[in-house]
């Protein structure tokens, strides 16, 4: 896995393969009937193929000549060669070993052996995809794909390309530890540098947590002087106090919307459209129980035409995740081994309310899917 | 493990330790009462020792001063030090730790400690060996070694040294995947380069498969223009069509004879002595379930005195196995994990008949040995 | 883990945290109610922290500003971050993730979150330590720490700093194989070089073994010419014969005192104070079942003021352990895998009496602690 930082324009939404794939109900530690990010829209090649492990399964990702994204199980059903070792043949894929050819629905279209008859079972599982908000989302469950289950992140889509950026960060940790980290922002003053310091204002707060419609939200509001440095220079009086808010909302299975802003206007509501702020999406997809794909998207409402600033900013945020959060979360994962979080009797404090609510809700959702034996 | 390419003359056949070793019946996933290749005859040192893992067991291999090959369990029975860490003492081996000395039958011949008495149990297991056809074959089973169970590959022995070559290729894969690969040659046009292309002639054939006397054979016959490039320049009209055959015969547990030839004589039978061709032996021995020793021997019936061509040819074949078959088979092994082949429901096609027959016959042989619980 | 060779003066003995820690009875393959070496006294930093795995547990080691050694479980009870990733705050430790602060008894002294209330459960386990004879000893059991269970190695403490040296050697092996190695010195002529050769005199001896008060001792006496080379130049007639003795005593769980000397005075008793000799302590602590911390301390009774010789000598001994014993013992560990020593049916010889007595006594002690299910 390589680490990439890209700025990209969100592609329009396309619903793919909404049903009809051969499915089985694997034993898995993951919630399955839901949308996971499979890739950034820009990661899918029109020529060539991308192979990525998602939920312990090798997935082959590419675009057809018309730009349609495709996801197939990266395994030939004949002798289990990863199809990513083979070649594209137009919009089809040819296996490297015996040249069986499959189209983008997973149907075998050519068998050069014997009479050329194609066995009925010669199908590769394909996965429904949705391309939205700059991401390609994948449905790996046994129930029919349900597009309404993808949350709406359309604020990402509104504005110039120089106001949005994406980054990808592979992490050697369980994905729930990444969710914990974003759902409890009380760590920011302790883990991160000056640039996003709240000057000790955030930790003492006991923020309200809201659980509704299968989401968990938590919201902090505070005043600090000067404002958070990522915003201060875009406010009228950079050195003066400003009111801030940050609101974080988790959507199953592993996507978090984070909205943050600051204002020096005493009459302004603490909301994105009346503050200097940004709209972020954190999403992660387990490759396995110990490796996670972590993506981050951010759209600003200030300096939106400054492409150089855009690039500098995403690189700084990428660096903070990789160099500051990452080592801690990866160490926690090593320390926990294969133990369950609650089984280790964590000593919980006030700032754990939101992440614990997420863990418990996710566990109930998995139980409802029958993922526990 | 290093990778070696050697040209070697076959040594004469010697029957060693035909019986009488201390034996136990290990739990093992391997057929045991049969001959596996332990090494090329040229690999065994007369001074020094070679340690090689065979069937999950460390085996110490060397030659006595009279050239007799020796195989001992590479473990001192006292405190389990690999004997290969020690030293030769004439035809004996001295343990590195406490200097217990063992002869080439595994009998302890010297104990420098206390009174010097040698405990009756101080024996190292030795394994029967047969040196034939340029290989040293080992019997690791609990039944008495049976020399008649080693197939006859004597065509390897007939001809000059410049007409035969051997190579060794360690592979990170289960040995049955290597057998599958050789028993189903329908992959050649898809996996390999121009040099052994059948111009698409081989894949469409449904070759007859024969199971007899505990072997499985499969035979293809076809015409192509030009001839397979490894033969074309040795035929009267290199650019013209030629009739070809290849016959592949598996012998338990893991040795395959492959005979291949081409002719432009319309009256010639498709057999080695009436075509331009070669006689090959593929043999593999599991080091463990995920690592396999793979050896290949080839004798030509043309240009037999050209040592330079001989060297070039074995290097090309070694390269094809290592760079073309190898990565595919190793990827399949990783993809399969520890799953049983049939349990993964492979979609079988016509070209799988021979390898599937081998897998089923081998399973029956293992069942007959009581290798399944 | 790095490998260090140091010469150090023994610090005075301090009894720490003799009781009162929160304890649990872990399932463990180790004897627990006893003292293991945790570190050399010189390894503990007064600023910063040392993290070391002991008995499968991460242990954080440091000294307070007054020099008192501290051992805490290297894991924050909140979200399981290793405390060693954090920072010292005077004599306290601050967690890297959410800045919970703990004092050297493991009590949480500061929580910057919410109201700042400290949960009653927010305690880190601390371990009793004893600093004696140049080592810091740790008690990881569930019973109250018992200082009387630490053997007396006070001869290490008497004499100048230039007469004593310490070294640390991490080994990839089970700790009992290191004990076996020191309890059976019959290997010295076979494993080691000229410098400590007994000229074949030691192996033929069947030394008396004594078990008393929970210790096992073995003693060899012999004459050789010339004397052992580490002593010969300090004797009146370096080339002439000398009488030697070596006495080795194991103390549970994994500490061995070795006293060795040589004399050319026919009337001298074979004891340290009447010979040219040295007093050594070998001690090892399992990091895990396959990795062991091994320390060695040695005090001479000759050339005690020669610091250069002292340095040269400890480097030579370190080299012998690491380059001569180490590879053998590590190979035995790999060869044994996870098998029990006796279950592999070792062929025992006369020199195994002492190590076998130790293994059996240790097993009885573990059974008495209820460490077997």
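Each chain carries a letter (A, B and C) given by its place in the written order, and its residues are counted from 1.
By definition in this document, a residue touches a chain if its C-beta (ideal position, glycine included) is under 8 Å from a C-beta of that chain, and two chains touch if they have at least 3 such contacts.
A quick note: this is a predicted structure, and the numbers were derived from the prediction, not measured.
Note on connectivity: the fewest chain-to-chain touch steps from chain B to chain C number 1. Comparing the residue numbers each copy contributes, chain A and chain C share less than half of them at their mutual interface. One simple way to say how far apart two chains are is to compare their mean CA positions; for chain A and chain C this gives 49 Å. Chain A has no residue in contact with two or more other chains. Residues 58, 75, 77-82, 85, 96-100, 111-116, 119, 121-122 of chain C are the ones touching chain A in the complex. Contact residues of chain A toward chain C in the complex are 180, 186-187, 189-191, 200, 203-206, 327-328, 331-332, 335-336, 344-351.
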